[in-house]
Amino acid sequence: MIVAEQKPIKTIADLIEDSNKVLLVGCSACVAVCLAGGEKETEVLASALRIKRKQEGKPLETVTKMVTRQCDPEYIATLDDSVEDVDTIISLGCGVGVQYLAERFYNKWVIPALDTKFAGGSIEHGQWEERCGLCGDCILHRTGGICPIIRCSKSLLNGPCGGSQDGKCEINKDVPCAWHLIYERMKSLGKLDKLLEIQPPKDWSRSRDGGPRKVTREDVFID
Amino acid sequence: MSANKVGAVLVVGGGIAGIQATLDLVESGYYVYLVEQSSTIGGNMSKLDKAFPTDNSSMSILAPKLVEFGSISSIQYFTNTQISEVAGEAGDFKVKLSQTPNTADTKVCTNYVTPVELPNAGQDISGDDNGKSGDFEVNVGAVILCPGGETFEADQIEYLGYNKYPNVVTSIEFERILRTSDKQSVIRPSDNKKVNKIAWIQCVGSRNIRDEKHYCSCVCCMYAIKEAVCAKQYSDDEVDTSIFYMDMRTYGKDFEKYYEEARDDHGVNFIRSRIYAIEETKDGSNNLLIRYGDDKGEIHHEEFDMVVLSVGFKPSDSAVQLGNNLGIKLNDFNFAETTPFTSVNTSKPGIYVAGIFGGPKDIPETVIEASAAAGASEELLSDVRGTMIQEKTYPPEKDVSGEEPRIGVFVCNCGNNIGGVVNVPKVVESAKALPYVVYSQEFLYTCSQDSQEIIKQKIEEHSLNRIIIASCSPRKLKYYFQETIREAGLNRYLFEMVNIRDQCSFVHMNEPEKATEKAKDLVKLSVNKAGNIESLNEAPVNINPKALVIGGGVSGMTNALNLAKQGYQAHIVEKSDRLGGNARRISTDFNNQDVQSYLNQLVDEVNSNTNIQVTTQASVSKVDGYVGNFVTTLSNNEKIEHGVITIAIGGHEYKPNEYLYNEHNAVLTQLELEEEITANNTRVKNAKNIVLIQCVGSREPDRRYCSRICCNKSVKMALQLQEMNPDANIYILYRDMRTYGFNEENYRKARKQGVIFIRYEVDNKPQVQTDGKDLKVTAVDHILGENITIDADIVGLAAAILPPEDGIKLNQIFNLSLSDEGFYRECPFRGSWGFSHKEMRPVDFASEGIFVAGLAQGPKSIDESIAQAKATASREATILNKNSAKSSGIIAVVQREKCAACYTCARLCPFNAPRIINYAAEIEPILCQGCGICAAECPNKAIILQNYSDVIFTNMVDELYREVH
Amino acid sequence: MDNFEPKIVAFCCHYSAYSADLAGSMRLQYPPNVRIIELPCSGTIDHKVLLSAVEDGADGIFVAGCMEGDCHFTRGNYRAKKRVEKVKEILDEIGFGSDRLEMYNVSADNGTRFAEIANEMTERIRSLGPSPFNKKEGDKN
Amino acid sequence: MNTNSHLEKVFNSGEFVVSAEIGPPKHASAEGMHHYADVLRDYVDAANITDNQTAVVRISSIAGGVHLNNKNVCPIIQMTCRDRNRIAMQADLLGAYSLGINTILCLSGDHQIFGNHPTSKNVYDIDSMHLIQTVRKMRDEKQFMCGEEIKNQEPRFFVGAVANPFGDPFEFRVDRLEKKVEAGAEFIQTQCIFDMERFERYMEEVCRRGIDERVHIMAGITPLKSWKAARYIGNNVGGMIVPDEIVERLKGAEDQKAEGLNIAVEQINHVKKIKGVHGVHIMAIAWEEKVPEIVERCGLYPRPKFD
């Protein structure tokens, strides 16, 4: 899932300083699961903003709405009736959601309430970890199912670097060295020989470095 | 045994054991007469401040149990009552009871609950018959004796100075000091000054040869440690605590850790010693001077502010008299004797014993025995189950859904308890002005029988569909009033209760106006809530009356057999090729009873019982479903449908790495040595010197627990070995001799007969060496401080009892709680919303319908395993006897369309109630205990706790502050 | 301001609410400013309920759960504590201040402690004065 | 001889090689570098110029190399993969060679989090392994990384790489060294060695596999100024082990600096005897003046000269 985290309330409040009525839009997908933008968080944020503004003598009117996914236009369309009289739309979706809202409601000021962090998963309740670098060219079959692109601080393809000690990365003792993990896993799988091959340089053109990406399924897409 | 059995049981004694046995029996379909000779229910436990080792408050465990008492209608209880005569036989006893007139204050109000005063008997709520005073007779099928015990009279040992010096107190008195303390200091009796230095003296009245009380009272070591830790925690200043002891007997589950933490983290001093005298100092300070000899025999003097005597337990005189009246056999110390391998059967069929009257023990063990005794009674009376219980019938429930709320508010004056401070008429007036309130009135006593009739009448007259009672604490009377409105055809959950007595009149006595304002507010809040609550259904779930018993050892078989004899099906799954488990390797128990013939008989009984099915060489590979409706798949692909699960997968003996085990063939574990003794092996028979080493692999940093039975076992084996060869020298090398309870008798006998006991320190363990042929054991004599070397022919190692080998694997299926060591962690002291009696559950898990028995839960003896297996059966019977079970009404429900299937609820639920099914969470009503943790945490607000939704709370808060807007 | 009588709302778990009832049985006297709303477990409380109390003009708010390690639902009181901490953090962040909100732990059998909490909280709120959103008191000033 | 590198010459002569390290300044004056060049000139065979070491901005290693060349000290320019993509790196290789630089050390580089621009993006387009391959490919096959031919003068570098015998997993360290040799490294400078026992074990495995026949290994030595420095390195630098004996020895010394030099001299004399070690690389961090003394005391002075 996409893992996101809420921005400081003060930052959000500053962004809507001139608004009198705002629409807060939560998303029931990834950001709900990572406890950043579901109904609960949306209502808590709305309440906090109202309290702040009430205190400042400039009461804020809020409307809160949930959509199933902010990354599908049809769901965004369900908000059509709610945006008319609001000054600002606050999205509690990931970066994708904010843009979909901004595209649909072209003449409205849309602001992000979340910082979109990474593609990852749950460790346990309240903790998530990055797992995928969205590089567009998966090599996990060569690295024991552990991604060095995103889990090695240097994205080395032929690690570990000299900074790996006790299985930890040099940048922080709490960060496991991905290459150490790769080594251990390959060893347990009896595939250490694969690590002796020099992995070729990565084709970054399939990643974001190749420009904004688009996927078209030719077999289902009709122009 | 009588042919005309009676489906009722007489429970004697209203302590924790009596309460537990009663509740189990009632829930399983039997009628109970509970008889208590004092004027209150509660027993010894209500005198304690906290229970060890979890440090939970005793009252919070006991109070809900007592409360529940009042709400079950198949109990009659009699206080101030004693048994005068018993006639008849098992299945059909006629018991004469005599009751002395009730001396307690007969208040009209029924709801006085304070920490020390417990609810008075004498009310119509519970169907009590205290009016009966005088002699009368009851007819029962079985009798369970749990009269409890008394503490030893400390003034009988003169040199301890009890009753002579004010600051020498007993441990029970010290509990009271703790309970009433301000939690900032501990005060001593002589001058009410804070104490800074306290001593505990162990074994007061226990292990005392002079006094012929040479049994160990089992619990004193632990309670002394608990008190010492509490004394430190309850004091803002540093308090020095010292415990003077002979052997530290922290043999129970998690006790050793508690001991280590007290010593290492809390800084409690432990002094191995003998006490010579306690005297007051001469300076008039009322301080005390203890004269004691340490373990090297050196004499010391030390001054303390206060001394606590850890008094032991004994049967009360009245219990002894009771035993004699009933003609049951008592042992040398006047405790009730139990027949071999029954753990709760007295010498007289149909009469069972539980708790301290059967021998000293702690609270969880008492509760286990109580359930076991209930289980044994249920086995005896299974043909007549349910014959004495009448199902109460109610008028059909009115459907009020869609109706506008019509609220009735009844305000209690409580004599003058409320009305003396709170202006009740004003509260009634203000209630009338609130939205949806169509009726309000005051009562002098809302809880009186007349008032109930009026309430019912008003419900009818005004078509009321929500009822609020503003009176006292809902803890006891909520169920009573809910019963009233149900009788009037309303759903029980259309009810709210406000406590304007304990929260208003009693606490704001000098501010009547403000107290009235507050009462009005509280009523307003509850009216607001009442407008938003709905009828709730207690979802019925069918119960499959069959148990799956995992493990075919003594625990599993006992459990299955008890259930089978109660008429339920049991299916035993055993992974080896035959039944028997660890007991196959044991010759005799600690009382020298033949285990093998008992075991063979048990196996025969199991095999011939048509209600029991046995699958050997199989294990559990998958479990689906929930309480009442489990479906288990075995490794042989057999599918079993059942209602409950007993986990009795045993444990196993540690294979030592130490003391040349595996290197020399004369170094054996306890079980291996026992096998050689049984086989009458010549090398054992001819051995000149036999050394038994204790605590091998137990009480070590990576296994911080005592294996509990090894001391008893080594002592027993020493006596056996001596019998085989009277000339043999037998040495036992130990750290603390933990021959708890009546096992102390064997220890005493062994010492008297010349078994040599040598204590060693953990940092100076004995050495076992060999030249390849002979064995030499070297140890340091703790008195002389010198090395002793023994040429040993046989070395026996008391190897630790390890958790079940399959425990972790099995637990991946069950997802239950395991202790750090890997034993199954039972669920004591956990409760559920709504007073269902789950307050103390030493054989239950947090997951409903799953129970544990035997070694899988922790080290224990055969008798203890049997007790636990029966207790488990009794607890299971409370589920299996019902055709269907009902969930609580207050449960969490999922709005599927909002659910993101994020797993938050499933991860957080302590009861494993939510599961993700078809891409959304579902909460199994029967498992949900209504805590609402999932509802609060649900990121999409897809979960609502019925009648406790966020909207209800925000509306209430809105209402509370409305006037200020 | 001298006559300011704060109105404090207390979200008490079933068991800690029992301590309030016990305070009554023990006839302990404490200020009449607290209104209890009972929850099955302190872990039932949602962030937004606490915030809505602030919005409504509550002068003081507290949540009471069982003693730590003693929750009847294993860890509900730890969750409540975390939620109260979070709401305090939000209130600080938006400049409202977090002093009007508190989390307490009290065991069912400790009436004394409940009375202490009621005292403590009343004193604290008295010295803070009425909630800025408390209109009635606001008018007085 | 593959290149004109002075360092390569010394290795080929069979002499025990000595190199040192110069950290370029954080400003635009070359004076300091000139000074150190003068100090080191007759005592070392070559000197490393670090590439924005610990991710702190400094004079670039190529510019530094030019300054050393001007002072007649053979520069080993370090090149990390952190700051440049493959285009910039190949461009710099062409440029460096055109300026008379012929010895290079390829590394992945310290993470920018340690430097003075922790918010910068790291590049790591290619890693050190790829860089070694690229330098060799440009030299030996006259091709750019993409395969395109270098139509005129190709850059001809003597190629070095680094190895850390103290990183984890230990047993994979020799494998990775071998990978670097496989990729084309001709000499190796190791991370500072304090734990001799572990280094010896490492070298044993290196020799057992015959890697010492294929590459020149230079042992990294760092003189310590104080016990605190020793402890700091041990605790805070990833992949470094400083045994307690060294810390204790410095702690107990009357003159910690003198003792630090003594230890370094002993260490060099020790590694000289280890099979497979062909030279020593002295990393006297901010203590370059002491290098001559160390070299002399180890009997490594004078250094060989070639025409």
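Chains here go by letter, A, B, C and D, matching the order in which they are written, and residues are numbered from 1 within each.
Note that in this section a contact is a pair of C-beta atoms (placed from the backbone, for glycine too) under 8 Å apart; a residue touches a chain by one contact, two chains touch by 3 or more.
Values in this document were obtained by computation on a predicted structure and should not be read as measured data.
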Name the chain with the Cα centroid closest to the overall protein Cα centroid. B
Of A-D and B-C, whichever chain pair has more C-beta contact pairs: B-C
How many angstrom between the C-alpha centroids of chain D and chain A? 40
What is the distance, in whole Å, between the centres of chain B and chain C, each centre taken as the mean of its C-alpha atoms? 33
Note: chain B sits from chain A at a C-alpha centroid distance in Å of 49
Separation of chain C from chain D, taking each centre as the mean of its C-alpha atoms, in whole Å: 65
Two or more partner chains touched - positions in chain A: 40, 43
For chain C, write out the residues touching at least two other chains, lowest number first. 46, 48, 52
Interface hub residues of chain D, defined as touching at least two other chains: none
Go through the chains and record each pair that touches. A-B, A-C, A-D, B-C
Going by the contact rule at the top, pick out the chain D residues touching chain A in the complex. 81-82, 86, 108-111, 113-114, 122, 124-130, 133, 145, 162-164, 166-169, 172, 175-176, 178-179, 182-183, 191, 237-240
Chain B contacts chain C in the complex at 55-57, 59-60, 63, 112-115, 182-183, 472-473, 475, 499, 501-504, 506-511, 514-515, 517-518, 521-522, 525, 830-833, 846, 890, 908, 910, 929-933, 935-937, 945, 948, 950, 953-954, 956-958, 960-961, 963-965
Spell out the part of chain C that touches chain A in their complex, as residue ranges. 46-48, 51-52, 54-55, 90-91, 93-96, 132-133
Residue ranges of chain C in contact with chain B within the complex: 5, 7, 9, 11, 14-15, 18, 20-32, 35-37, 39-41, 43-46, 48-49, 52-53, 56-58, 69-70, 72-76, 79, 83, 107-113, 115, 134-137
Listed in rising order, the residues of chain A that touch chain D in the complex are 153-171, 177, 180, 183-184, 192, 195-196, 198-202, 204
